[in-house]
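To keep things simple, chains are lettered A, B, C, D and E as they appear, and every chain counts its residues starting from 1.
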Amino acid sequence: MSRIEIRNLVKMYGTHQALHGINISIQPGEFCVLVGPSGCGKSTTLRMVAGLETISDGEIVIGERVVNGLRPKERGIAMVFQNYALYPSKTVYNNMAFSLQLSKMPRAEIDRRVREVAEILELTQLLERKPGALSGGQRQRVAMGRAIVRDPEVFLFDEPLSNLDAKLRGQMRAEIKRLHQRLKNTIIYVTHDQVEAMTLADRIVIMRDGRIEQQGTPDSIFHDPDTVFVAGFMGSPAMNLIDCVVTPDGLRLGETDLVCTTPEGLRAGDRVTFGIRPDDVRPAADLPNGVHATLPVDLIEQLGTEKLLHFRAGPHDLIGKTGGRMDLAEGSAQTLAFDMAHAFFFDADTGRRIR
Amino acid sequence: MTTRGAPYLFVLPGLVILGALLSVPLYKVVEYSLYDNVIVEHDPTYVGFGNYTTLFSDPSYWSAGFNTVVFTVGSVLGHMIVGIGLALLVNADINARARTFFRSMLVLPWIFTAVVVALNWQLLLNPFGLINYVLQWLGLISEPLDWLGNPDYAMWALLLISTWRGYPFIMVSFLSGLQTVPKELYEAAEIDGAGFWHKFWHVTLPQLKPVIYGVALLDLIWTFQLFPLVWLSTGGGPGRATEVLSTLTFRLAFVDFQFSQAATVAVSILIISAAFTLLYLRNEARRV
Amino acid sequence: GEIEWLQWFAAEDTTGFYDKLVADFEAQHPDITVKLVTQPFGKVRESIVTDNAIGVGSDVLGLNMPWTKEFLDIGILEPLDDYLAREDNSFDTADLIEAPLGKIDGKTWMVPLNAFPFVMHVNMELVRKAGFDAPPSNWEEFAAQAKAISALQDGISGVGMPFSSQPPSNGPILTFLPLLYANGGRIMDGTTPNFDNPKVVETLQFLKDMNDAGSIAPGAASRTGGVDLEEFIAGRTGFLISPGVHSSSITSRNPDLDYTLVRVPSNGEKAYRVHGWELGISADSDNKEDAWTLVNYLLSPEVNAKAAVAANALPGNLAALDVVRKGADKTLIKQIEILEGDTPVEEMRQSPKAAGSWSVMTEELQAMLRGDKSPEEAAAAVQARWLELAQ
Amino acid sequence: MTEIVWHDSPGRVVNEERRRRWRQLTVYAALTAITFVLVFPILWMVSVSLKPTTETFSLPPRLIPDELHWGGYAKVLADPKFRTFLINSYVVGLAVTFLSLVIGTLAAFAFSRYRFLGDRVAKLFVITTQMVPTITLLIPFFGVIVFLGVYDTLWGLILTYLTFALPYSIVMMNGYLDTIPKDFDEAAAIDGCTPLGVLVRVLLPVAMPGIISTAVYTFLLAWNEFLFALALTRSLDVRTVPVGISMMVGEFGLKWDEMMAFSVIGSLPVLILFMLVQRFVVGGLSAGGVKG
Amino acid sequence: MSRIEIRNLVKMYGTHQALHGINISIQPGEFCVLVGPSGCGKSTTLRMVAGLETISDGEIVIGERVVNGLRPKERGIAMVFQNYALYPSKTVYNNMAFSLQLSKMPRAEIDRRVREVAEILELTQLLERKPGALSGGQRQRVAMGRAIVRDPEVFLFDEPLSNLDAKLRGQMRAEIKRLHQRLKNTIIYVTHDQVEAMTLADRIVIMRDGRIEQQGTPDSIFHDPDTVFVAGFMGSPAMNLIDCVVTPDGLRLGETDLVCTTPEGLRAGDRVTFGIRPDDVRPAADLPNGVHATLPVDLIEQLGTEKLLHFRAGPHDLIGKTGGRMDLAEGSAQTLAFDMAHAFFFDADTGRRIR
């Protein structure tokens, strides 16, 4: 349990600047998730904390020490790699014991620790197998076990779940969450899956092009995005983001007029990006007191317990939601309700939120 | 895939060439070993396994066999250690041009013909040659040693030459193999606290075991019957200190004109090599 | 018809000579074409046997006397007696150097293209530095001078002994045999090996004493004939026992060397080991007539003289000697003197398994110089192993 | 919690860089030293080629002669015979490389992609042919070559080396093809490729590194071979470099300068060739085609 | 647009029987999805249709032809592979043009087709790149383009989306759906992600151990599963499936009693598997007229617009759902409501539905 301070971190690959001064302050025991699109610098940041990449500028503190010059093993960290990076020739037991063996711990103590962790992760039966004989989920658990066994101050995870199928991913997600509740280590976790970010994080850091776009609790990120990028990134299906023109009594969405209140400071004729989550766009029957508009249903996706409705609003595709048992036909026009209490407005040029 | 005849068509040219050119000679060698005085006599007599009994009771066969084992094991180890070590070094994170330069330089011993290699090393190892001169200058020896003429050192000198000549093959193969080791394994090991040697032992070697195994076995088979380099460097001498089975074969065939005895030795080499080959095939089957 | 002439002569220092020779021959004999097949010396013996086994042997063969008996055992050579008896030969058989003509199994198998007597080359500068003013003529002087030269400075030795096992590992017949013959000894008794006789042991003892005295260049067991010659040329040994033909290499490659050439030191015996380039005809040749025409041409005094001059050797046809003598320098004159006055010896011709035997000699001499065996033991070992090989 | 002392950053950054530098420097130093030692014998060859023969044996041995002697090179370059040897060696080497790659890759393709009756026996035969020391095969093999009527021709040599190189090519190419996922074959089959089309148009481009390293091996095998080159040829115009070199080892001494000069001249193009292809020898396999 | 008939299809691998007689009848233009756990034989079936595996027994008809003996290229199919199998040495353009080149189509026509498809899939910018220089999603689109360009009668997809991240997966899913609506080809699509199956399929075929477990429309599969296997397989998070004992007035779930009606034919003391989807387990406040029970909340997962509640019910983990803006504390006991209208009962031994 150590705090982590990342101050003004810069990374140059040759002349290409991958990170432009990152500042993050993580409390002891906090679960911090870095999210962002591919290539935004998440892995680079994590690997610099781990000591696998050199630091071009800035400082990293783990616990009370500036770790800039230190080797990975001196930093008190453990890391779980995206593709697990298990040693294929070693048994599960030896994969987990390896770092302890290197640190010259007595055999009995190693054995005790490995078995204890194996017990927690339900790996006891598998200790003598080699990674090749394990299923994806089991491998993932071994990778976690290898990290846990070292009892590090800090855990680093780089997309640990992205190679698992949907079902397993859900299970493992819950397992990691439980583990954190039990061990209370400080964690930095990289993912590009915003569901993982939402479910796991105490603090989410959203990155974009080597910069931090917004950081905060999952709730604040989800419900109170600062920029159109964050709004669009978090949530699945993504928030509807539509370029509109402000009218005297609301908005003009393509050919459709919405009668609604807009934030103060906006004047008729201003161009704004109007954002609303599919959950807040429903058939009028579901949401009687929303703002109404009638649009043709383009495509319906049945998700089981709910359905996604794709509408065409001028050039835009607009997604709404309804219950899984609701009966609708594709191609029919449908009266929709927008829950304007949960709508957002962004500056069409800068992308900043207009409150 | 559905086309039934296709695989046969594909292997045909290769098998035809090998079969046409080599099956008769292979058969002949086995046949020679069962006759007496082939080639020299126009009408040799069939002696069954007589040549084999003669051979197995000949101490020079067994001593050549022993030398062969020493030479083969020593050479293969030498190739492996130097080849792998250099592959690691030359794979290090350095300037790309420098890397190309070093790789090309280090492959040089491979591209000269055996005659030249042997003569050049004779020059260098001569009592008045450069190596003795340098060793004396360094104070490591007090007077020049006759490396190739002294039975105590000749095998070592030969191993030196053979190692020098043979490591590039291993280096190149291992270097290709190294590219396939996932980088993450090294990073994981680094985080686990492994140093250079740990990474080598626990990641590189296990990962490249199949490559090493295959290459070592091929090298073993080739070294086992390596002829020109040994013959041209020492001729099996001094005395018979560096006589190996392949030079014994040649001596029997072309010095003494006892072609039947030579064929007998060849067949014995065939049998031992076959054992290696079966090992190799088994290893390969396991990998698939 | 077309005939093939397999030899190594054209690979020695005779740029273009043999091509021209063949062209001249073809010009004189328009119905015969000759294909010159040149192999490196070290591989000729193998090639002849291999080619013969496959049935693609050449018609005219360049030969080396020690190979004779082995080739006869395989039946490679055609007896030449009938050809030599012809009336219209361009030479007189009586003029030919005798050694190669000696009959084996009652027949003659080869004729000499040229001849090289074995001599001792001397570095006069070293001899003088060591305090002598004339080259040695007997063993006692030889031993004394060699020792004194070895004492001069590091890296200089009295004499080299090329006893390397490296193929063809024929060092002993290059150095040991000439000394033995000069001592009146022999290693054969007719056609059977006789290596363990007192003269052999005495000669071996002489070598061993020289070695113990430090007179022999270090590294004899890895020294090849080539290196031996090179070291002499480089001025690093006082004496070199080798064919007289080397004198031209020596003078041309190191003209500054104060160099002379003498008989191999003897104890009064005037016998020398003779060596040369011989010619034979393949028993399987289907064009023996043309083959003989070529041989006959090569032995005619004019051609033979040219061939001898080109190789810096003495002619196989002594009738050509006068031609050669005209342009000869003093080293060649000395050789002619030996040729005319002394007894040529060549024992390996009738020796069974000659090539194998000199490997055996090499190995045992190495052991003796190393101190592992006494001269008697070495001689006995050679004898025993040679006999075993011969059956 | 105690106060963290923030540094003015560059100091530590430099530290880290410096350590990397040091590591690189050590590698350079080690490589330079080792390469020097290992390449020394070759430097010595070059040195010998630049000395008059008398100096080859001078004491103390000298790497750089007082005066460069180009005689060996001049002689070798002036003599058309040596040019013929060089051309022959390259012709034979390249032909063998090409043929053994084509034929070997075809066979390797069958071994890698199909299970068929007798495949293991065929493979065993292929390897068995390599297990007898070639010198004992010399005479019977010679007979076969004469029988085929390619004795004393470059074709004879090409065929001979093909039989030595083929098994290696088959085994190695089989290995390389095995590392390429079968998915490419299947995708191509659905796209309408014939099996041969799959090999040529899809697999070979992917197997390039393997092809190159096999080619290097095959070429050097043909390049360096001496025994058969000597036995199976007799005309001057079909002889190769190793035979030419061995001709310089005469009955009456050795032409050191010419021999080494010829070796060096002959090997230079090989070295350049290797430098050009070496970046293919070590290259990523099938990058990007399938998700890793 | 061809129909596909699979009759009694059997596949033997040596002595191992991978398929035990599969019968599927697919209408022209139908989108058929094969789902099932790993190793159930989905890919094998698909590959036999494609002609990549020999047929051990049975018949496959495409259009009006029995295709058993035909080569892949003669079957009028195109296939998208799970790992794309793009030719690494060819550019995107040539990857797409390859099959047309092989069929000796004129160059101009090839060019026209490739560019047209590239336009649809937004690949025009990338045509000169090689696969190595593409991101995962782009590669996937190239693989699709390669199939579309041939304009086949039948498309075969083998888990085409399983390597993409969540966001891209969602986008591509919708794209495939639209493509189908536009081109109206017959499609067989293999996946183990049930969300894909639900959203894409006209007909879902659920396989298990080389047999068909159930087939039908997504709605019927989801809302009317025949077996406990199908019920557990479809839906995410998965349906809660709890072994219970029937009591005179309901069910006994671990230590908790549920008062509810059970299907006729069940008697007190019978052992049944009780199934209910997390959507139908909600805090009592959300669902006033459900069957109530009070259980401790073990873990809460914030998904953004909704939260997953994990409860402990005896030895079972029970998952419920609530809105994303609902405020609950972990560890607190919570009164839950079960919507018994959507509960299922299965025979505890055979797994068959009890209606």
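FYI, contacts are C-beta pairs under 8 Å (C-beta built on N, C-alpha and C of every residue); 3 or more make two chains touch, one makes a residue touch a chain.
Chain by chain, the UniProt names read as follows: A, E = ATPase component of ABC-type sugar transporter; B, D = Sugar ABC transporter permease.
Since the structure is predicted, the reported quantities are computational estimates derived from the model, not experimental observations.
Centrality by Cα centroid goes to chain D. Two chains share more touching C-beta pairs than any other pair, namely B-D. Taking the mean of the C-alpha atoms as each chain's centre, subunit B and subunit D sit 16 Å apart.
Distance from the subunit C centre to the subunit E centre is 91 Å, each centre being the mean of its Cα atoms. If you average the CA atoms of subunit B and of subunit E, the two centres end up 57 Å from each other. Residues of subunit C found to touch two or more other chains are 46, 53, 155, 227, 231, 236.
Shown for subunit B are the residues in touch with two or more other chains, namely 39, 128, 254.
Contact of a single residue of subunit D with at least two other chains is seen at positions 56-57, 59, 139, 143, 189, 246, 249, 254.
Listing the residues of subunit B that touch subunit D in their complex gives 1, 3, 6-8, 10-11, 13-15, 17-22, 24-26, 28-29, 39, 86, 89-90, 92-94, 98, 100, 102-116, 119-121, 123-124, 128-130, 133, 164, 169, 172-173, 175-176, 178-180, 214, 218, 221, 225, 227-228, 245-246, 249-250, 253-254, 259, 262-263, 265-267, 269-270, 273-274, 277, 280-281, 288. Here subunit D touches subunit B in the complex through residues 24, 27-28, 30-31, 34-35, 38-39, 41-42, 44-45, 48, 56-57, 59-61, 63, 103-104, 106-107, 109-111, 113-114, 116, 119-120, 122-137, 139-141, 143-145, 159-160, 162-163, 166-168, 170-171, 175, 178-179, 185, 189, 195, 209-210, 213, 216-217, 220, 223-224, 226-227, 241-242, 245-246, 249, 254, 259-260, 263, 267, 270-271, 274-275, 278-279, 281-285, going by the rule given at the top.
Residue ranges of subunit E in contact with subunit A, taken from their complex: 135-136, 162, 165-167, 170, 173-174, 177-178, 181, 192-195, 198-199, 218-219, 222-223, 234-238, 277, 279, 299, 301-305, 308, 310, 324-325.
Residues 181, 183-184, 186-193, 197, 201-202, 205-206, 208, 286-291 of subunit D touch subunit E in their complex. Residues of subunit B touching subunit A in their complex: 182, 184-185, 187-194, 198, 202-203, 206-207, 209.
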